[in-house]
Every structure is written in C-alpha cells, then in structure tokens.
Amino acid sequence: MISLASRDILHGWGKFVFTGIGLGLLIGVTLVMAGVYRGMVDDGKALLDNSGADLWVVQRDTLGPYAESSSVHDDTYRGLLGLRGVERAANITYLTMQVRKGTQDVRAMVVGITAGQPGQVPGWPPYLVAGRQITRGHYEAVADIATGFRIGDRLSIRRNQYTVVGLTRRMVSSSGDPMVFIPLKDAQEAQFLKDNDAIWQSRRRTEANPALNRPGVPGLLDAVLASQSTNPYVNAVLVTLEPGYAPDEVADSIRRWQRLTVYTRAQMEDILVGKLIATSARQIGMFLVILAVVSAAIVAFIIYTLTMDKIREIAVLKLIGTRNRTIAGMILQQAVALGLIGFVVGKIAATFSAPFFPKYVLLVPADTIAGFAAVMIICVLASLVSIRLALRVDPAEAIGG
Amino acid sequence: MRALKLQGRTVAMIAIIVPLVLVFAYVAMRSGPLAPVKVTVVRAQEGTVSPALFGIGTVEARHTHRIGPTLAGRVKRVDVHVGDRVRAGQLIGEMDAVDLSDRVRAQEATLKRAQAGIREAEARQAFAQAQARRYDKLSALQATSEELAITRRQEREIAEAGLIAAREALAGAQSERAALVAQLDNLKLVAPVDGVVTLREAEPGTTVVAGQAVVELIDPASLWINLRLDQVNAGGLASDLSADIVLRSRSAETLPGRVLRVEPKADAVTEELLAKVVFEHPPEPIPPIGELAEVTVALPLVQAAVVIPNAALRREAGEVGVWQVKEGRLQFAPLKLGATDLDGRVQVREGLTEGDEIVLYSERALSRDSRIDVVPSLPGAER
Amino acid sequence: MSIHAGRGIRIEGLVKRYGHGDTAVDALKGVNMHVAPGEVVGLIGPSGSGKSTLLKCLGAVIDPTAGRMTLGDESIFDNGWKVRDLRALRRDKIGFVFQAPYLIPFLNVTDNVALLPMLAGIPNAAARAQALALLTALDIQHRAEAMPSQLSGGEQQRVAIARGLVNRPPVILADEPTAPLDSARAMAVVRILNDMASQFQTAIIVVTHDEKIIPTFKRIYHIRDGVTHEEAGEGRSLSA
C-alpha cells in the first residue's frame, strides 16, 4: 500500500512546507515563551548559585535581600563567625540602579563584595569570561557581559568612577538585570550617598538646627555632620557552613542567638521562584495557553482546508472502496507531518533567536520534549474535525447529479 | 523514467528537509545543557609578582593652627584672607579691647596716687626720724623725759612702716597695670609659624568664646595623606615604603610619596588600617585639605614563583584552587597561595608546577564532569 | 434475448423511495434490467428520470427501498443488502467510470490505477504490474509516470477506464463517460469499453445522453418516470 498522505504532501509540498514553517515560527514563539519562564527561574537560581552562600542572614522579619529590602549592621558578621558551623561570613550589598558609562546608562544590580581573595569570600563572581578579579579595595568593577561594558571602560556609580577590570557571564539579579561587582566600601557609600545637592541641603538643615549647632560647643556641628555621612549598614550577610553542619541547625542558632532572620538555600529558592516571579510565571502560563490554542486552531484550520480541497478525491476514494481507516490515516499523517515540520522549524527558530532576547531565555530539553508531545497531541486533536468531515463525505457525491 | 520524473520534487524536498534535520540535530546537540562548556586555558608560568597595596585617603595637614583669643571677646579686625601666606610673628588680627584701655588709664591714676603716697610717707618718715634723733640726744642729756623719747622712736617706726606700705602699694599698682597691658597685647592675633590661611571663621564684630578659632593656619610643608587600607588587603604595610599618590583632581598625575608611619591604632569600625603618607616634594599648588587621594604602596618584589591570574581561582568543596586540564579532562587542584599584585597575578606556593594547563575563563561554572571546548577567547569577551 | 441466470447483473422490481408518508416520492418504481457479461448497454433518459438514482443504487452508495439485485451468482440485494461490506463490494465487484475522470491528483497514472488492487491488499509491485498491463491494453502506457494534470481529457478518461477495470469487476458503471469529449474521442472511448467488455467479460452499463454514441448500443434501456423500457439499439459498427 502506498502512503496517500506522503503522496499528497509531495504533490503540494510548497504549500505544505510554508505552512509548516509558519506554524513552526508560532511553535518557536511558544518554546521561547516557555524558555522565558525557565530563564526567570534560572535567573533566580543563578543569583543564589553565584552568591556561593549556604545561608542568607538578613534584617529581622524581612524577605531580603532580593525580594525585600533589608539592612543589617556591617559588624554583624563578626558575631556570626563565632557560631558553631559557620565557616565564612561576608557582608554584601545589592542596589539596582542605572550605571552610567559616558552618555549611556544600563540598568544593573550593583553588588558590593567584601574585600579579600577570589574564592575565599562568598559573594564574589565565581568565574570570569575575561579580565581579572578585583584586586584594589576601591574603584574597580567586574561587570556582567550583558551590560555591554568592555574591559577598561570607566563607569560612573554615584559620584565615583570605576574601571571595569573583568567580565563575567550569567551574573544576574532575580529580575534578570546584569550585575556589576564593586568593593563593599564603595557600594555602601553608593547606596547611602545622595547627590551633592542633597548633601548640601542636609548640611544646611543640620546647621539651622540650634540643638546641633550650639555656639558654645565648638566642633559639635562637625561631629554631627560626619556622623551623618557614614553608612554602617549592609543588605545581608552571606554565610557558608563548615562541612558536616546542617543548614537548618545553624540557621536556627543564628535566629535564636543573633535575633536575625535567616534563609537557607531551599527557602531562598522558594522566595525567588515562589514569590518574586509568581505573577510573571502565571502571565507566561496564560500566554502559553493562548499560544497553544492559537497553534491548535491554526493546525486545525490548515488541515481542514487541505481536507476541503480534497473532498472530491475523498468521495472518489470512498466510492472505489477505500476504507475509512485509510482516509483517516491520511489526514492524521498529514497533521502529524505538519506538526513535525513545525516543531523542527520552531525548535531551530527558538534556539537561534534565544540569544537575541534582552532577557535570558533558557531552552530546557524537558520543555522541548513536552512541547513535542503537546504539538503532536494538538495536531491529532486538530485533525479530528477534518477526519470527521472526511468520514461524512458521501461517496454518492462522486457520481454526478 | 520514473526516477527522473520524481527527481525534481524529491530534490526540492530533500533540499529543504535534509538541512532542516541537520540544523535540528546541531541545535539539539550544541545548545542547552548538553553542549560542552567553552573555556580558555592558560599555563602556570614562572614569573615575578610585584605586590602592591591600594587604598584611599584624604589630604590632611600634619599641624593645624587654630588661632583665637584666650578670653571671650569681640573681633576687632582680621587682616588676612583665606589663602594668604603669613610669616611667623605676623599680626593677623586683633580682638576689640572694649574697656581694657580705660582700665589701664585708671590703673595709671592709681599708680600716681601710690607714688604720691610714697612721697607723703617719706616726708613723714624723715620728720619722724629727725624728731626721734633730737629726742634721743635730749634724753641722753637728761633734757627731756624718757617717756617722750620713746614716743618719738615709735613714731619713727610707724613712719617707716607707712613708707614700706606705700612702696608695696606702688608695686601692686605697677603689676596690675602691667597685667592689663599684657592683656591688651594678648588681643593681637599673631601667626606662630609660617603658613597658609585655610579658614577665616569670624569677621570683625563677631563675639567669640575663649578657645574658638578666628583664623586657621596650616603649614604647607606638613601636608600628608591619611591613608585607609582594608585590613585584609594591608599585609606588608610598613614605614618608608614608596607610594604613588594620585589626587582626585589631578588624576593624570602621579606624585611620588613615602609611607611615614603606620598608625598604631586601626579603625575598628571600618576595619581599616590607617597610615600616613607624605609627599616627597610638596605639591604645587597646594592640594585642598580633605581632597581624596588614591595611593598605591609598592611592596618588595616576589621573585621567581609560579604565577597564575586570579581569574582562574575557583572554590570547590571549601577549597580554593584551579581547574587543571589533563588530557582534555578537568581536575580540581587545591592551591596554597602567596603574594598577589594589583594586576591580578597570584603567586602559587603549592599545588601547581610550571607549565601546568589550567582553565582561565569559562562560560559557566565547571564541575568534574563538564565537557569542555577550549577556545582562544570566549564569545562576546573579545575586544 | 437470452438471459443467463447467475451471470452479469440482474435487477428486478427495484424501487427507491425518498421521504416518508405524504411527501414520499418514488424515484424508481420497479426497475428491471439485465446486462450479460461482455455486453455494453446504454441507459438513457431525460433529467430527473431516475437515471442517477438507479446508478447510485447499482453502485451501492444509496440504499434501494425494495427489489432485488443479483451480481453474478450472488444476490446482493433482496429488499435489503445481502452483503455486509458495501465498500468491499464496490471495490471488488463494481468498476466506476465517471463523467469527469476524478483521478487522484496527487498520484501518478500507474498509482491511480494500482490504488484499487493495493486497497484490496495486493502488494505494491504486483498491483503496479497489473495496472501497467491494463494501461498497455488501453494503449496509454507511455504516460504511466505522468500526473493526471499532465494528461489530455481523452487520456484521463482512458486512465479512468483502466481504474474501473483493474480489479476485473463483473460490472462497470459508466456515468456519461464521453460527455467532455469530441466525437472522435467519444467513439474511441466507446470502442474501448466494447473491447474491454468482450475481453474481460464485463457487463457495462453506460449512462449517457450523448447522441453521438447512442447508436452504437445493441441494447438500450430507456428510463422515464422511474420505470425502464428495454429496446433494441442500432448496434452500429464501431470500426467506422
């Protein structure tokens, strides 16, 4: 028996292939959509992985430092280092802001990392793609490659100029903003320091306050002003554990003795994935459903049209004794073939277009397989209408009058 | 015949389907988690590390002279302005005397009165002495009674005491006047050293309390930089190391300097070591006090060591090390590290030998089972 | 006219009623026909005479209301179908040739013809050989690899006839097979039908109102108001 479906496809292959490519682009968009969701989840996980921490110590009763703002004193870590099971503890600050380079600016998350050696302090970029790690305690930066910065570029963060000495990759905030790592001291200043006008105004306000500017007490005003321009806070303390200690136990002891809120890796992931991107995830879910429905409608419509074009031939086939199974098989095979072409085109389109999206698009093999199954199911379901139509064709129609 | 007839269509189909399938296979293999990780490698090399410390500080003056009155008072005049150079002993301002001159004049009147008192006491004493002498002679001749002679002697002693009192009153009046005159002199504000005026805090007519400065002077030759260094990055800091100073406002210019001393007290709050760095030659013009300066302190060279870039350092299972490439497979080598320099070179004390191939940059985090693809440079990172 | 029982196709008292009750219309009111193997008979009648209805009943695509049909030795209808699989009946026992050839556009000439044996389960190669033999008999083997759209009307009709014949059915129903053709090609088709009828001992019923070919039938059934009347045709020679 020859394959009627393949003969039909070969006969009108141009139309079929172009329809398949069109469908493929739609499937590509769907895969990218799923990839965007995976990318968001991965952004969150990358953020946690790259911080290299086992525990996040944050301000009491906050979901910080990523989902809410948090500030703890920058000497808190000394107390943490004294606890059993704590191997290393390092301050870290996060500040999402526009980082300027010349006239352009890039949205980035500025991360203040504790001074030290690479590999010794949590929070440092774990790997680079170019340049070197920060060696000076001030005015050097390691930027994510997604910022578009190059080694040697001069960045402005608040009032200071930073030289980009290294580039890294996939260092992003949970919302996908690329990171710029700078020394902690600078970051604390950047987070706290206002623009110069604001500082002047604040000084003038202090000077106008008779309680702080007393004529009989020389030096009081200077002391007050100095105390106003220091920032002894950081956003979180990253803690790594000595081998053999369970994160939950150490977290409990920190909660109990330091009166701070602590999150373990699992809890942090839950916050990032479960809370931070929950709405976006639902949004993308809606889009996926809509795209699936649209794809199904398009496949159904195309197969329906192809079947309608062949209604006379189907009548003849039935008249000369073709079994229903054969006819249904022909339509089903065409739908599946269309789905296959669409899927292959879609996968290729998604893979090649993914790097061009401004946000990270992660194409997971599991999604691809699920997508393939969905496409096949959609194609089979979409062909049912046409199969039903074809089976209802009266062979008598082939005989005139 | 049949083959030929079909060929046109079949060729067209093959022309579309085959590349599509090939691209699909490529896509499935080369992207996503199955794809190998692109890395660049570098060899550990024998080299020198020129360690240095980097910190920031502010320009400060070693000696700041805050010149003001010793008593509360009103400023009469200030002769210098900010930026003026003054010499030691130069009069730079004066406090208003208010009633001080009047009090001096009153004191002078008192003085004169005391002098008049002396003259009166002297007259009395001379007369009493003459009388006493005469009665002594008469008493010796028995020409008068002993009684009278004793009285005259007593009168002479009283007159002498009166003279001493009058002289002391004069000395008191003279000292008091001298004190007032000294106070008058103290109202003059005089530069104690050669220097530059940095602040003029009170204008004529302003009332200032004792101890409050009217004018602040610094000695430009005594400028130094109060350097702050992260404690973790301050190993090897010592006096007499040479330092390069870059002032914020003159970032193109590197000024030579020297570490004068490392402060015995560190800043516990900011976790910084403090040090003072002096200029080899006083910079001209004088940098403003409080200007930020970036200071690089050179440490002695570390000779002939195995050196790797710090970008290669990773942390794996609690140990710092590098990924070593051996026959195309990855192996983590824990390291003991030595000196580092500001260009990112790290001395390896233990763990690598010269010529070992290590991963420098990678596209993703690596693990023991990562498949790697060694490339000359990573995409997007080339300049 | 001698009628051999058990050969060819025989129809007795065939009735087809559309609708029910008062609105019922009898399209066929007791049709009697018999076509012997190797015989080509004409079936003619004006529009609305019941011609198409009769053809559909014979083709087993609509159900007659009453009567009897016998194909060869087998009673296929006796006030109800006697065979379960009408599709197999159509495929194996009845050949169709239509007014328009209705070839499958995406199959070439050979496969169009070979499709029927393939559907009946004959291996592809054997089915194609069978088709090619028939195409050779119809003198169109040189277009065996062509697609239907590349053929002329006469060629298409010959392929359609080949398809009607390929399963060696005892009966072929031809519905206006010459309508789109000019007189020479129409005569050629009729000649082919006659040749095939005699060669394969097939009973052929040609529904037509083509004046050019009516004189060629030896026997003609006129159908009028749902009733057939048999008459002798002119039986004009086809060799002319």
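Chains here go by letter, A, B and C, matching the order in which they are written, and residues are numbered from 1 within each.
Assume a residue touches a chain if its C-beta (ideal position, glycine included) is under 8 Å from a C-beta of that chain, and two chains touch if they have at least 3 such contacts.
Small disclaimer: the values here were computed from a predicted structure and weren't measured.
Trainee: Where's the contact count highest, between which chains?
Mentor: More C-beta pairs are in contact between A-B than between any other chains.
Trainee: Going by the average position of its CA atoms, which chain sits the greatest distance from chain A?
Mentor: If we average the C-alpha coordinates per chain, C ends up farthest from chain A.
Trainee: Closest chain to the overall C-alpha centroid, by per-chain C-alpha centroid: which is it?
Mentor: Chain closest to the assembly's C-alpha mean: A.
Trainee: Provide the C-alpha centroid distance between chain A and chain C, rounded to the nearest whole angstrom.
Mentor: One centre to the other, that is 69 Å.
Trainee: Between chain B and chain C, what distance separates the C-alpha centroids? Give it in angstrom.
Mentor: So the centre of chain B lies 115 Å away from the centre of chain C.
Trainee: Measure off the straight-line distance from the CA centroid of chain A to the CA centroid of chain B, and report it in whole Å.
Mentor: 47
Trainee: If you look at chain A, which of its residues touch at least two other chains?
Mentor: Each of 10 in chain A touches at least two other chains.
Trainee: Under the touch definition given earlier, write down the residues of chain B that touch chain A in their complex.
Mentor: Against chain A, chain B makes touches at 9-10, 12-13, 16, 20-21, 23-24, 27-28, 31-34, 54-56, 209, 211-213, 229-230, 232-233, 269-270, 294, 309-311, 313-315, 317-318, 320-321, 337, 340-344, 346, 361-366, 377-378, 380-383.
Trainee: Note which residues of chain A are touching chain B in the complex, please.
Mentor: That would be residues 10, 13, 17, 49, 52, 75, 87, 115-120, 126-133, 135-139, 145, 150-151, 165-167, 169-170, 183, 185, 215-216, 218, 232, 240, 242-243, 341, 344-345, 347-348, 351-352, 363-365, 368 of chain A.
Trainee: Sort out for me which residues of chain C touch chain A in the complex.
Mentor: 47, 51-52, 55-56, 59, 61-62, 87-92, 96, 98-100, 102, 104-107, 111, 115-116, 118-120, 124, 147, 163, 175-176
Trainee: Could you please specify the touching residues of chain A with respect to chain C in the complex?
Mentor: These residues of chain A touch chain C: 1-2, 4, 7-8, 10-12, 312-313, 316-323, 326, 394-396, 398-401.
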